[in-house]
Each structure stands twice: as C-alpha cells, then as structure tokens.
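See structure below.
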Amino acid sequence: MLLSLIGYDPAGAWTKTMPGVQDLAAWKNPSGITWINVEGLDMPEEINRLAEIFGIHPLTVEDILDHTHQRPKVEEFDNYLFVAFKVIRHSEGFDFEHISLVITTDTVLTFQEKPGDCFDGIRKRIMNNAGRVRRMGSDYLAYAIIDAVVDEYFISIDSLGGEIEDFEDRALDEKDDTFIQDIQDIKRKLLKMRRAVWPLRESISMLIHFDSKLVSNDLAPFLKDLYDHTIQAAETIETFRELIAGIMEINMTASSNRLNKVMKVLTIISTIFIPLTFIAGVYGMNFTFMPELGFAPAYFIVLGVMALVALGMVLFFKRRKWI
Amino acid sequence: MLLSLIGYDPAGAWTKTMPGVQDLAAWKNPSGITWINVEGLDMPEEINRLAEIFGIHPLTVEDILDHTHQRPKVEEFDNYLFVAFKVIRHSEGFDFEHISLVITTDTVLTFQEKPGDCFDGIRKRIMNNAGRVRRMGSDYLAYAIIDAVVDEYFISIDSLGGEIEDFEDRALDEKDDTFIQDIQDIKRKLLKMRRAVWPLRESISMLIHFDSKLVSNDLAPFLKDLYDHTIQAAETIETFRELIAGIMEINMTASSNRLNKVMKVLTIISTIFIPLTFIAGVYGMNFTFMPELGFAPAYFIVLGVMALVALGMVLFFKRRKWI
Amino acid sequence: MLLSLIGYDPAGAWTKTMPGVQDLAAWKNPSGITWINVEGLDMPEEINRLAEIFGIHPLTVEDILDHTHQRPKVEEFDNYLFVAFKVIRHSEGFDFEHISLVITTDTVLTFQEKPGDCFDGIRKRIMNNAGRVRRMGSDYLAYAIIDAVVDEYFISIDSLGGEIEDFEDRALDEKDDTFIQDIQDIKRKLLKMRRAVWPLRESISMLIHFDSKLVSNDLAPFLKDLYDHTIQAAETIETFRELIAGIMEINMTASSNRLNKVMKVLTIISTIFIPLTFIAGVYGMNFTFMPELGFAPAYFIVLGVMALVALGMVLFFKRRKWI
Amino acid sequence: MLLSLIGYDPAGAWTKTMPGVQDLAAWKNPSGITWINVEGLDMPEEINRLAEIFGIHPLTVEDILDHTHQRPKVEEFDNYLFVAFKVIRHSEGFDFEHISLVITTDTVLTFQEKPGDCFDGIRKRIMNNAGRVRRMGSDYLAYAIIDAVVDEYFISIDSLGGEIEDFEDRALDEKDDTFIQDIQDIKRKLLKMRRAVWPLRESISMLIHFDSKLVSNDLAPFLKDLYDHTIQAAETIETFRELIAGIMEINMTASSNRLNKVMKVLTIISTIFIPLTFIAGVYGMNFTFMPELGFAPAYFIVLGVMALVALGMVLFFKRRKWI
Amino acid sequence: MLLSLIGYDPAGAWTKTMPGVQDLAAWKNPSGITWINVEGLDMPEEINRLAEIFGIHPLTVEDILDHTHQRPKVEEFDNYLFVAFKVIRHSEGFDFEHISLVITTDTVLTFQEKPGDCFDGIRKRIMNNAGRVRRMGSDYLAYAIIDAVVDEYFISIDSLGGEIEDFEDRALDEKDDTFIQDIQDIKRKLLKMRRAVWPLRESISMLIHFDSKLVSNDLAPFLKDLYDHTIQAAETIETFRELIAGIMEINMTASSNRLNKVMKVLTIISTIFIPLTFIAGVYGMNFTFMPELGFAPAYFIVLGVMALVALGMVLFFKRRKWI
C-alpha cells in the first residue's frame, strides 16, 4: 500500500508519498484541499484507520476493500459522498480496474487496486496551477478525476471503433472461424464497456440531482457536461453493437454466397460430364449386334454428338444465368 | 474564419461580412436583432473574444470549438440558450456538420465548421421582409434556423426513401454481394440520421418545457410544430429500418430459393443418368457367358429399357412436383 | 373545392352545398351546431378566408393545406381544438387520406383532400335524428367523426386478419417467391396502419386529459370508449405482426424441409448406383487374366451380388431412417 | 336468456332462476347481497331493462351486448364499477368467453354469452357459508369471481406448460412439418392468453388505485393478492414464449444436423467409389498397346490398389473426423 | 415440522428446538429478538396457531402454506412485514426453495419447505456475537437472512459463469446435438434465476421505500447495499444471456463452416474424377474404327492427358481459392 498526497490551495501545491497512515495527521492541509490516493488494498487495517480518521461508514469500507467486482454506484452520506467506478487499463489488455472515490468538504480519497493510473494530467494541472483546479473545491477535483476516467473510455471506444472499421473492410472476404471469434471478442469488450458506462451515467445523474451540500452550484455545468459525455459514450457503444450485427450479417451472407458459387460450379461440371459418360458407356457395351460400331465415321460422329451435348448444356446453363 | 452579420428590425435589414471580431461593436444593432454567423472554427482566440463580448461560459466555448463530435443538446444559461445540432451536407456525400447556436435576447450566433449552409432561405426572407421573421424576436430566428435544418433532414429522408424503394424492386433479383453491402450502407446512414434526429427531438422538447425568458410564449406553437416534425422524422427512420429488414429477408429468401432451384435441377440430371450409366456398365462387362450379348435385338431392347427408366424417373419427379 | 354544410339543433336539421365561402355567413346556424365539410384543398385563398372567419391560427392552416403527410396529432388553441388523422380509403387500394378537424364551440370543420368519405352514417343520423347526436354539442359530433374513422380501421384490420388466415393455410405448401413478397406486402400495410393508429391513440388520450372547455364532461365516457378502441386496434396490429413472423417461420422451415427431402432422395439414388457402376466397371476391364470372366455363371453371380449390394444399402438407409 | 339469482347475507342464502327481468324487483334482497348471473345476450331489450333498473350507462350496455371482442377493461361510474374480462372455456378447445361484471353497493351482475362457467365453487361457498364470502360485501363477491377466472388461467397455463415440456422432449427427434405447426399453435394460444391476461392485470391494478367507495379497504390485501397472481400468470406466459423459442432453436439445429450427417455419409460413399470407378475405366479402355493388360497378376494388383485407395480414403476421412 | 428458535439480545443468545408451537409462549424472548425458523409445511394447523399468536393475516398464511410456487414479493401489514423469496438449493441440482419471512418488532419467522438452509453463518454470528447482529433489531436479522440468500445467488451465478466460459472454449469444436441442449439447459437455469432475482430486487426496493416503522433508519444503507447486489445479480444474468447467444452463434457458424469445408472437399474430389472417367469411357467404346486405339503410345498419352486434366483442375481450384 502506498499513500500519495497532493495538497493545494490557490496559492500553492505540495506533494508527499507515505507507506502508512501514521504520519497523515501531520500532513493534512488545514486551509486547502488534500487529495489522498491509496494504491493497493492489501492492508485492510491501514484503510480501516484511514476510514476512522475521515468518518467513513463500515459499509463503505467493505465496498472499497471487498466489492471490487461491484458495478459503479454513488452513495450520499452525512459527511461524504462515495463514488465507485471502473477505469480501463490499456497497459494490461482490455481490463477494468475498480476505483473508489470518497469526497469530503476538503479532502478527496481515491482507492486503487494496482499502481498506475490516468490521473497524471490532473496532478500536473494542480502542480502547475493550470486550468481551474487550484481555485475550486474538492468537488471539482472529484469531477476532474471522473472526467479523466470518461476520457479514457473515449480512447478505448475510439480504438474499438477503429477495430470495427477494419472488420467492416474484412467482412466480405474473411472466411475463417477466427473472424467470428474476433467479432465475438469485440462484442464481449463492448458488453464490458457498457457495464462500466451505463451505471456511471446513472451515478453522475444522481450526483447532479442529489443537491448535496458537498457539491457546489458552480459544479452543475461541469457535471452536466460530464453527463453528456457518458451518454455519448453509451450511445456510441450501442451504435457499435448495431454495426457489428451488420458486419456479421454481411460476413455470413458473403460466406454463404461464396460457398454456393463454388458448389454450383462443381455441380455444373459434374452435370455436364455425367451424360457424356453415359453415352461412352453405351458404346462400351459388348453386344454382338450393335450396327453403329461397324460404321467407320461413327466414332467421330459420337465424339461430335458428345461435344454438342456438352455445348448445349453449357448454353442452357448460361441462358438460365446459372454460370 | 469569416463573420457574416445580418441585422434587422421591422423597419429594415442590412448585411455585413468581416474577417474578425474587432469591428463587431460598431456594427451591433442597438434596437433590432443581429444574427452573427461564424464560418470556420480555426481561430479560437477570436471566438474566445466573441464569447467574452456576449458573456458565453467557457464550457460552451469548449463545446463550440472542440466537441464537434458531440451529440445534439440544449443548455440553458442565465443570459443565453445554447443549442448544438447536426446538419446534413448533401454537397459532400452523406456527411454531418456540427452547428452551435447561441441565443441571447437580441442576438443569434451560429458557429459552423465549413462554409456553405442551408440558411439562404432565411437570409432572403429577412432581407425581403417575407414571412414573420422581421416582426419577431431572436427566438424566432433561432427557430427558423433549426426548422431549416429539420427540413434538410426531410430532404435526406426522402432521398433515402427513394433508395429504399429501388432496393425493394431489386430485392427479388439481385444476387450480388454488393447488394447486401449497399443495404448495410443505407442502414449506416439511417443510424447516423437517427443519432442526429433523436437528441434534437429531446432538445426541442426541452426548449418547449424550459420556460426560459429567452423564449417568448408566441413561439410555443412554432416549437410544437417543430417538435412534431422531428418526431415524424424519427418515426420515418424507424419505419425505414423495418422496411430494410424486410428487404433483406426477401433478398435472402429469394437468393436461397434461386440456388435451391439450380441445385435441384442439376441433381435431377445426375440422378437420371447415373442408373443409365450403370446399365451400360453391366453390358460392358467382359464375361465370357453373357447370354443377352449374343441376342440380336438385345442392344435396341436395352436402349429402350434405358429410355423407359429415364422417362419413368422424369415422370416420378414430375408427379412429386420436384421438377 | 366543395363546402357541404349540415346545421342542426335538437329541433331540426338542414343541409346545404356551396362552392366557396362567400355565402357562408348567411348560412351559419346561430343557435345550433354547424358541420362544415371541405372537400379538396386546391383553393388555398378560400381556406384562408374560412380560417379568418373562425379565427384559426396560420400554423393550423399550414397543417391543413400543406402537411397532409404529417402524423396524426391534436392541438389545443384558445378558441378551437385541432385534430389531424388518417382515414383508410378502401375504394383506392390500401391508401390513407389525411383529414383535418377543427372544433369550435358551435362548429365542426372537416378538411378532406378528395371527395368521398365514411361519414354518411353520421349525416343520416343527424338528418333522421337517430341516436344522441342532435341533442349533444359540437364535441360529440367530432367524437362521432373520429369514431367512424376508427370503425373504418377495424374493417381494414378485419380484412387483413382474413388475409393473414389465408396465409396461415398456405404457409406449409407455398413455395413461390411471391408468397414472401405478399407477406412483406401485408407487413407494409400493417406498418402503415400502425403509423396511423398509434398517434391517433395518443391524440385521443390527450383529448381526454386536456380538460379543455371545448370538451364537455358528458363526453368523457365516449372518449374513453374511443380510446379503448384505438388501443384494441393497436394491439391487434401487434398480434398480426407476431402471427406473420410465425407464418414466415413455418413457410421457410417447410420449404427448407421440402428441399432437403428432395435432395436426400436424389442423393440416395446416386449413392446406391455408384458402387454398382464400380462393380460393372471392374468386370469391364480388359486384363488378359481375369479368372472370373471365364467362369460360366459368374455373370449371374455378379448380377446377384449387385442386387444384394443395392438391397443392403436400401435396408441400411431404411434402418437409419434416412428414407 | 336465463337469469340465475343468488341472494345472501351472513344469516342465510337462497337461489332462484328466472327467464326474464319482470319478476326481478320482487326478489331483490333488501338487506343482503344479490348476485344476478345473465346467461345469453340474445335478448337486448331485457338487458336494457335490467340496465335501467340498476342505472347502468348506455355505453356500458353497448359494451356488454356488442363489444364481446373487446379487450379486458375496468371503468368507474358514479353508482357502479364495470369490469370486462375473458375466461377460457376448456370444454370447447382453447376458446375465450367474454364476461361483463357490474358491481353496485349490494348487487353483482355478471353477463355471459353462453351457459356453463367456472363459478360453481363460489356458488357452493355461498350456499354452504364456507369461507368469508357470506360475511363480506358485493366487492368481495366480484373479487371471488375474478379470482376464479384467474385460477382458470393457471389451469390452462399449467396444461400449456405440460405441452411445452412434451415439445422439449420431442425437439431433438421430431422432423415433421407438423412439429413446427404444433409449436406455432402453442404460440398462438400463448398470444391469446397474453391478450387476456395483460389487460386484466392493468384492470386489477386500476381497481386497487381507484379508491372507489364501492371497494372497501378490507378488500385491498385480496386485490393485491389477485394482482400478484395475474403478474405471475403474465410472467409465466413470457417464460413459456422464451422456452418455445429455445425449443424451435433446438429442433431446427437438430434437424439441420441430422440432414447434414446423412448428406455427408452419402457424399463420402460417392467420393470413395468415384476414383475406383475411374481406375476400372482406365483398364476398360481398348488401346491395342496397354502393357499391364497382358501381365498375369495385374488384375489382382489393380484390385489391391483399388482396395488400398478405398482404405486410404476412409482412413483420411476418419483422421479428419469426417466420418 | 420442526421449530428452531434462536433468542438473543446484546448480552447473550440461546437456541432451542421444538416439534410444535405448544411450548412457544414459554420461550419467547421478552426483551431481545427471537428468530423462529419453521422447517416443513406439512402441519397447517400448527402454522395457523403460530399465525394466530403473531397476528398474521389469513392471506399471508395462505401464501406461506399453499403458494410456494409464487414469485418473490413483499407486503406490509399493520403489525408485520411479509417477504417471500426463492433460495437455490445446491444440494439438489439447480432447484429453488420458497422461503417466507415474517418480520415483527421483536420476532423474525422464517418458513422453509425442506430442512437444510444457507443461514448457518448467521446462526454462528448470533451465537458468537460476531458482527453487528446482536446489537441490532429484528429488521437487521431479516436483512441478514435475505443477504445470505443473495450471496447464495452469487455462488450459483459464479458457477454458471464458469460453465459458460467452458462453453465458450468448446463453441468452435463441439458438433454434438448435446451441446445445443446443454446450452438450452443453461438458458433455462438463467431464466429460473432471473425469475427469482428480478422480483426480489423489486421487493427490496419496496422495502427501502415503504417507510415502515418496522424498518429502522439505520438499516437504510444495508438495504441499499442489498439492492445494489440484486441489481448486479440481475445484470450479470442478462450479460450471461447475451454471452450465450454469442456462443450459440459461434457454434452454429463454426459447425456450418466445418460441414461446408467437408462438402467442398468431397465435391472437388468427385469433380476431378468425373471428367477423367469420361475420357476412360471414350476409349472404352467398342467402335471398329477408332484410329487412336492402334497407335502404340496412345495409352500413355491418354494417361498423361488425364494427369494434365486433373492437375489443371487442381490448379484452377487452387487459384480460385476453393481448396
């Protein structure tokens, strides 16, 4: 477990890393905002002590520690807001990390399972006093964190969009089983994304309508904006699902058309030669009295007849547009 | 970036084009309505200055400049309404342009990415004092602009409707892979249209229910009318999607029926000749003692038997309705 | 354009036809109810004058004249209610006519595109003082008109129901492409019906909840009844859509089963004769030393073996239930 | 038409049958509850007189007499509640009978199209003073009647459930067209059931929320119970529809697998013999100079080669898991 | 029938088993909470006596005794809350047991059909004073019981998830009919689960919003947590249904691809040999005058031609990517 603290007020900002909560009291920022980021949930006693310091309800601690498989949600308590959501980790394939967020009047606590996150941009903005973050309260910091997560979603959605476009190009030609497996893979990813995005959308909507004293009125347009983003993410995912259904339809129709074409050509070849073989069979019979056999040009006539039959069938198939 | 201004009051109207915002103050219409149309979003500083003049919130500026991929929406601020929507550009294939609209008491600002739009009709009506536009407020101008956009939707929807009718005629005969690709193309266009129309419908509904001081009561029937139009557009799109599903069903059934017919005929030809070839094979055997071989008319009898077998099979297939 | 007026009060009723609105004032019924039916929308100036007389909003006039492709709707104005809906014209195939209805305190105006309608029953009831119509207000007349339209819907729905039952009987045997086209045709009709019925249902629900002074309380049970009818129409349409989906499923399964049976029989015939032909082929070889050839009964033995092979295969196929 | 009356109060109960309404007044129960059951709707004048006696609105009479095809509904009038619903008649296949119910303070009227119903249990409970019915008001009687109808639904649903289980067992083996027809038949029955159950559920929910003086507070838990039952019926129907979709899926996959297996075996037989026939064909050629022909053991070598080819192909197919 | 009582207050806990209700009064805990667990519903009189003691409504008794097939529900009475739900019994396959729960101020009654349940953890926590249970009221005990049931759901859902993952691995290779049956089996289980989880979710939501005096405010976060769990269970089930649809799609496509490949190879073999057999047939004809026959190297030339034809066809098929 690693605690990284960032404290700031409009005048300045500092940063500090510590392995446990024992020194925390000394470092808490009396006037400004403190952001405490906890990496690793392997020391439950430490987190329980942290919870005690900030007056966090035991059920919330349970949610932070044990329910990392839970769906995104937001809960309002007397002295803090609790938000849980998923963030995509690009570094490790298409995997989700559960992040818990506790917002009090002057502190934001984030709990992550593993080191490494997508919040470096926020950290830089705090340290360099870029943007509004230093002038605003803890609620804005929480907003900035969720906004960074939703931006991550859009990066993933864009990369899925690229993959889907590739699939669209391959849909007509691809005939491998792996194609359909790859598509099911994308579908599974979209399903995962949807399970992360939809409840987050609900949660942000609840944040907007909570009317909590922890969320200032100035934050309303920002939250609305965030809400619009999650809706757009959700809608893009639904559109992708429809596109994929269309791709599978094209692929299956194309593959069935391709097979049908092959089978038709093969069957036509057989169909042309089977009557010819029959004719050859007739003159291969060993009857004593077969007048044609003795007739000198008969062989060439039969060959000609065969050629005519073959030609006739080809023309017939052509006229019927079978070839 | 190009600013084109149109100022008007019931008494008169003027028009002016300028490359930047520096001369804007001199031209603002004190008594009447001013419509400022911004073409091109490549000069963010200028747009920021414009936003400052009209008291536009930084988040709205962000929406105007950066979020041109966002879905349509409407937002109410203290001193203005913000509406964002998509307009179809026929000139460049089936492409959408994002348009932002800011409505204040006496000014309407429109922000477009590219030159060229569908608002020339409104401009003409203002200059020639046709219709109500000169007698009404900035809210009516905004309505007229959105109405023109929705009319554009209907033109696109009608042209898609025509394409779909063509597809209906081709559904029974078309056997190319391109047919299904063309249909998927239409489906993609409808999907795009839907993503533009549905949120616009919501936005107009919100405009109706905002009860903002920026929207006068006189506008209510116009907005309701507009709302009805967007609903109709949305419903037509849904109907088209059902029609297309039906077309694909016809096409696939017809194509599978066609193939089945071919395969059946080919298989029947083979099935008729294979037993005949067998008979010929029997009398082609080289056994020393085959009594039939020496019997003079045997050859003709066998040929007759063959003809009878073939005829019998054809009749059998006919009676079973297989041919 | 043709104006037909019917005036009535509990005491009596009269009827009058006129080509324009110039004589209208003279004929307006001071004490009773007047029903003005306008046939043909080809003289916009006349209709504008009519609108002026009854104080109809320009947007409503636009809806009456130009938006005959619009979906059904109801709108409340200060001095009148506007209802627009579709009526099925049996005389001209499955086609819809747009009818606009304006209800004031003492007048009902109906606007139809073409001559001929389904309101003769109402006219007769007014003239003969049958039913309640003469004793009730203009709102009841409007109800009676919409009720007649919904009754027309049920006639169409019943006839579609009959067609669907026919399809159910044909589903197992029909193998033509036209079958699926006919079904798609029914589906298209149902789609059209649905687009007429659903918004009408909404409109009637709005009429019930408007609480307008133009709709008296006595009408409530009638409107509720009408609402129930439209719901029933809508539900029947949905049921028909499900039935049709079932019919297509039966037809496609039956047709694929039929083809499969044919192909199986044909393939079985081939499969029986191919090994026999091989045996014949073996004894057709010209090797000098083939001991069987000289053995006198060999020919008959081979024929017997062939018969046994064929019989064995037939039995094998039978036991496997392939035949 | 037959009127059967049952009168009861906590102290006693009597029953009486009469062919018309003329003697009704004499028999009406002044202190207790009267249940008037009307069988047969063939005498509209009598029913109109009955309606007059109980102050029933003409629209309700119309619903009772003419709209027996209508969907279930509930309507509140000043002096009575009107409930219409469908009951399944097992005696006549899967057919529905429309029943109308009028509830006043001290009387319950039921109108049935045909003799025979599922209310004998209620009659017995009234006569034998079993259960609560004698101690409760007319609203409880109405509840008991609807409850009996819903119980009938469950009997039908259970029997459909049994049929569906049978189908599940047959799904893998059945290959007849009748199977799919039988399933479509069940689907049609479920559709019918759903159209009876869903609106009844709505109606009961409305009864609960009407807050009518005709429904006492004591009835609330009973109505809630009834509501739970209709929800369960509706959900079971939906589950059945999903099960049937699964059964059809199994059946179609199994039938296509079965056919594919047959075709594969047949094709494999052909594929093995066709090369052998070719070899035989080669040595059946009549070239003067074919060195192998004169070589004594050549015949047996060729037979051996043929056996090897056949064996090789069988092994190849086996290794590829095609057999 | 077996009654097991657990009584507890913050100070201590005791447990007692009794076969009937006669001794119950003596054992009721005056100050603390009593949990009465009834196993077996075979003695209705005893349960009726129990109901009398706790003032349970006859309809609730009916629900407990007879409606064990009912869907989960919650009902509020004056002096108690009634909750009914399903619990999965792993010991007996995938089967559900109906459990009824009655919550009064100081007692919780649970009614189970069969012995054996998943509440041993709660019993241990009560006896060992672990967790909060001893310090909280009867509502918390009820919460703990439902929570244990929902935890059981997650165990089942996890095991289904494992099965589904297995199916995902097998989807590409499995070709047995049993595969699709196994999948339908999972679908049926999910359907069952859904029917247990969805109404329970509703019930818990109702418990939260009842605002009953039987549910203390302290319980709110626990109920919310429980609600979140049931939502997650419901959503996981829906996701599983989508995954299964995907698996069936992969399996069917893979199986059809596999068959198509086999049929194509077989058809190609036939197609190559049929023309060769025809050539052999030609030179097997017995015409007297066939110049090639006497030409010494003709045999080898023909063999070469045959080889070339075969090679040519193979190359042609290869170039067309048919092999």
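Per-chain numbering from 1; labels A, B, C, D and E assigned in written order.
In the analysis below, a residue touches a chain if its C-beta (ideal position, glycine included) is under 8 Å from a C-beta of that chain, and two chains touch if they have at least 3 such contacts.
Quick caveat: nothing in here was measured; it's all calculated off a predicted structure.
Between subunit B and subunit E, the least number of touch steps comes to 2.
Inter-chain spacing, taken between the CA centroids of subunit A and subunit B, is 26 Å. The distance from the centre of subunit A to the centre of subunit D, each centre being the mean of the chain's C-alpha atoms, comes to 41 Å.
Among all residues of subunit E, those that touch two or more other chains are 263, 267, 270, 274, 277, 281, 284-286, 290. If each chain is drawn as a node and touching chains are joined, the picture is one closed loop, every chain linked to exactly two others. Ring order of the chains (start subunit C, then subunit D) is C, D, E, A, B. Partner subunit B is touched in their complex by these residues of subunit C: 57, 59, 63, 70-71, 73, 75, 77, 175, 177, 180-181, 184, 187-188, 191, 195, 248, 252, 255, 259, 262-263, 266-267, 269-270, 273-274, 276-277, 280-281, 283-286, 290, 292-294, 296-299, 302-303, 306.
The touching residues of subunit D, counted against subunit E in their complex, run 172, 221-222, 224-225, 228, 231-232, 235, 239, 242-243, 246, 249-250, 253-254, 257, 260, 263-264, 267-268, 270-271, 274-275, 277-278, 281-282, 284-290, 320, 322.
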